[in-house]
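Could you have a look at this structure, given as structure tokens, before my questions?
Chain naming follows the written order as A, B and C, and within any one chain the residues start at number 1.
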Amino acid sequence: MLDNMKRSILVALWFVFLTFPLMVVKVNTLKNIVEWRWMNMLWVALGAFVLSIVWRWAMVRRDLKSSESDSTDDDQARPGIGQRILEDPKIFKPVLLVLAVVTLVFPLVVDIYQANIMVLALIFVVLGLGLNITVGLAGLLDLGYVAFFAVGAYTYGILNSFWGIGFWTSLPIGGLMGALFGIALGFPILRLRGDYLAIVTLGFGSIAKIVIENWEEVFNGAKGIAGIPRPGLFGLDMTIESATTYTYYLMILMVLFTIFITNRLKDSRIGRAWMALREDEIACVAMGVDMARTKLGAYAFGAFWAGLVGVIFAARNTYINPNSFTFMESALVLSIVVLGGMGSIVGVIIAALVLILMPEYLRAFAEYRMLMFGAVMVLMMIFRPEGLIANVRRKYTRSAVKTEGVNA
Amino acid sequence: MRKSVIKKLVMVALLSLVVPVTGFAADTIKIGIAGPHTGDLAPYGIPTKEAVEMIAAEVNAAGGVLGKQIEVLPMDDQCKPEIATNAATKLVSQGVNLVIGHVCSGATKAALGIYNEAKIIAISPSATNPPLTQSGEYPNFYRTIAPDDDQGKLAANFVADKLGAKKIAIIHDKGDYGKGFADFAQQFIEAGGKAKVVLFEGVTPGAMDYSAVVQKIRKEGADAVIFGGYHPEASKLVAQMNKKRMKIPFVGPDGIKGDGFLEIAGADAEGVYATGPMDVTSLDVNKKARADYVKKYGKEPGTFFDQGYAAMQSALNAIKVAGGTDYAALEKALKSSYVDTAVGKIKFDKKGDAEGVGFSVFQVKGGKFVELK
Amino acid sequence: MQYFLELSCSGLVRGSIYALIALGYTMVYGIIQLINFAHGEVYMIGAFIALIVSGVLTIYGFSGFSILILAALIAAVYAAAYGYTLEKIAYRPLRNAPRLSPLISAIGMSLFLQNYVLLAQTPDFLPFPSLIPDFDFMEPIAHIMGSAELVILVTSAITMIALTVLIKYTRIGKAMRATQQDMTMARLVGVNVDNVISMTFVIGSVLAAIGGVLVGSYIGQINFYIGFMAGVKAFTAAVLGGIGNIPGAALGALVLGLAESYAAGYVSSAYEDVFAFGVLVLILILRPAGLLGKAVKQKV
């Protein structure tokens, strides 16, 4: 105990030293004044002291947990509480029911602002599910995912402003354009692995933004495209409230559709191939999986969803400019996938809702929200690296193998 | 049976979350202030926010407007369109009567549609993009600053006529504001026919240095530089031009005309020209506003303070004249009644631009921007 | 021809700054295969500390060269401390985690540090004093290469030579190379791997801080966001040269700097980043392991 205190005091002293110039000193080189903010030092010391005690306690617990799971690891990892809820129909069914009801009445009982940010959150749910295909299933790191999102948004923006093409026609075109770009960008980087992939995709993301910014004849540059119509419903004239509600339901359907498709994909032949590729590329290719086709498929399917919701994003905002498609958005989507638990659909949904809604509800702490956002990302990785909901991989027992037949 | 119980419970839970947000009180006048209050563009939004809050506090202390207290609702948009739409819908759902904002033209464009459908007037202190008023798409939009085409024209004429430059390099930051200004400058220089644009190029904000661009300006033999953008890039360019021993006039828009530029560029700022809203610091209203601000916040007011202050003044005047916050009455009041503001005596024309505000050219002399007559 | 020379010079200056940052990326990556996304923030913090120190010293009456040396020294010490703490908090607990976890943790740390500086200091740009004096002997060619540029080139060259010596001939350098080749083996022969990793972060951070001080006094302004773009570019440079390879990082950085400069000079500076990443993609297509990286044959 005493030892613990001593160590925490040392940690506190270290952080006082570390933060001293930035937290305490503030110079104004014009007027030649130094402002000494000594009070900050006290806060840092106190904060570091308390946090270091909490930190050490949490670390001990974490190590205990991991050594426990090590010893019981050999047969079946004990599913976490989230997984248990998902698997036990007794809990699962009422939860789903409540969720369905809440989802349905949500836009009717809340104001338009809440519905509007929920639409944004749902857009990111779909983005997360899409990137989950590329990163979670196929294991291809993508730091420029937002480029495909931009492709979708600008497809609608351009089709609409040049030729007056409506939302419903643009929606599939946006998705297909996304997939097309996914394949086009996938080609040159088929041979790259892991971290090389990361920086090249990051590069593609920035290139997309720069091209949009500079090619004014087509993309209208930094001015952006304004006056994009909201999604229509048989030419009905809608007020902004009903349009938002309508977009909300549209997004719910979209999310359900995405979940359905990605779930089916996961169990399909190509889905199995993606996971095999992720685990061991060489073994996978040796087994006769076409590497190029499988990888391009992963990019195309991932990008397809981004293109699709890009169209909805443009319709929701009614205005797009390049500022909405920066690296921060790519990092956000990637964080959604990783924080949610790679490959886990429920996890991705929860993570997207948390990450998009948290900054909105934290508006009161506006100044500190990005600070907290960063800290949460680090802490999550340390204390729950498997994500909010760990993806439990399906195991094929003997009887299952028999019924699944040759396909496995 | 159980289903409906759950449903009710959920409804109650949700409602209890929502009611405090939407709770509507009719005895106050709600004014939203939208702009960047966090992030790297915050210095452009905060002076307006503080100006509006300051006026509101003063008016409330004196009994309010039409016997009603003013409630200000600041809303951060970070100058991002998608956050601006969130901010706008939030303000609408909170039942604001009028909005001062937004600050960036892009964010303003995104938000205006929402205000327009909700019949709410927005008065921006700084969105200078010309189509905002000229396109006629946003009848609910007003601004206390002159549009960019005026500014581009002034800069073009100044460089071609007063400075007598023949070859002009135009550099911009690729942003909505900077590129817009640069485009207008180019247009008016070519229309004027006295000078030639030898280089028209965008630079990346946040790039490590601009020395390659500076060398390019020299190679093209330009004898003046017009820059569209904000002060960080401008000071970087000016500093590197000095380092490369290039002494040609540098003209920027109002985005560089502020203390930020003077502080960062330091000695390099000397001699730089900038267009900006006419010097109004000699006006009594303006003097009082600035003195009050210094007294309250203990610092000099920042960019767009005058315009933000004026926006709030004209808003309050319109409410007084209209006798309420009815949209049509407010519109009529804004367009017909003159009011003495921190940027001069103004009213709005039928497109929403303020009559009585304009630009002039300034030059840095002795570490200060001095208006050139 | 002169124009080409001018552009080459700007490219080299930019490239050597990239190199100072890229070395930190590549060293860390070489040892623990981690993309330390927060490395750019260490560079930014180095620049901030130098600004604060030089501000305080100026007010208390120091002058000229002593400010430059003291500011750079203190900035380097602090950057090292930040790098060390960063590793201990955000990466060490994740040593055995899945590959993406440390990357996300690094992105989180990068956000955290940016906003920490924003809140503790200011969101505005700050003027950075030009600590490097104008030398008289450089005046005739100042339009091509100024004194600050000369100092940047010389300092980075010296730093890189020192780093090479450190890695080739010292005990810690040997330990670092051993850890890079095989962490388990190194541990078995008695290398304290944890210490080596900490030292790698410390050395990388010091290099980044030197870069920060040089850039600050070269372009005369800093804010909390300068680390991001510089970090991305430096990382690109490290990959270009073959990540994990120290001479490769330096070479990649110079290639990148020159490519950007020529692109800005001969095409358009609006597209300079497109060229930077274009060069990267092109080189990776031709040599998937980077310029100097060795293609590792995978054994099954």
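In the analysis below, a residue touches a chain if its C-beta (ideal position, glycine included) is under 8 Å from a C-beta of that chain, and two chains touch if they have at least 3 such contacts.
Being a predicted model, the structure only gives us computed values, none of them experimental.
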item: Most centrally placed chain - per-chain CA mean versus overall CA mean; value: A
item: Chain pair, B-C or A-C, that carries the greater number of C-beta contacts; value: A-C
item: Chain A and chain B, separation of their C-alpha mean positions in angstrom; value: 34
item: Approximate Å spacing (C-alpha centroids) for the pair chain B, chain C; value: 37
item: Centroid spacing, where centroids are CA-atom means, of chain A and chain C in whole angstrom; value: 29
item: Touching two or more other chains - residue numbers and ranges from chain A; value: 30, 210, 213-214, 367, 370
item: Multi-chain contact residues (two or more partners), chain B; value: 38, 174, 202, 204, 263
item: Of all residues in chain C, the ones touching two or more other chains; value: 126-127, 268, 270, 273
item: Footprint of chain C on chain A - complex, ascending; value: 14, 17-19, 21-23, 25-30, 32-34, 40, 59, 62, 135, 141, 188-189, 191-196, 198-200, 202-204, 206-207, 210-211, 213-214, 282-283, 286, 327, 331, 334-335, 338-339, 342, 367-368, 370-371, 373-378, 380-382, 385-386
item: Residue numbers on chain B that touch chain A, as the complex places them; value: 3, 6-7, 10-11, 14-15, 17-18, 21-22, 37-38, 76, 79-82, 85-86, 89-90, 92-94, 106, 109-110, 113-114, 117-118, 129, 137, 174-176, 179-180, 202, 204, 263
item: Footprint of chain B on chain A - complex, ascending; value: 30, 94, 97-98, 101-102, 105-106, 109-114, 116-117, 120, 210, 213-214, 221-224, 226-227, 239-240, 244, 313, 316-321, 323-324, 360, 363, 366-367, 370
item: Chain C residues touching chain A - in the complex, by the definition given at the top; value: 29, 33, 35, 45, 48-49, 51-53, 55-56, 58-59, 74, 78, 81-82, 85, 89-90, 93-94, 97-105, 107-117, 119-122, 126-127, 129, 232, 235-236, 239, 243, 268, 270-271, 273-274, 276-278, 280-281, 284-285, 288-290, 298, 300
item: Residues of chain C defined as touching chain B within the complex; value: 3, 6-7, 10-11, 13-14, 17, 123-127, 142-143, 146, 148, 215, 218-221, 223, 225-226, 228-230, 233, 260-261, 264-265, 268-270, 272-273
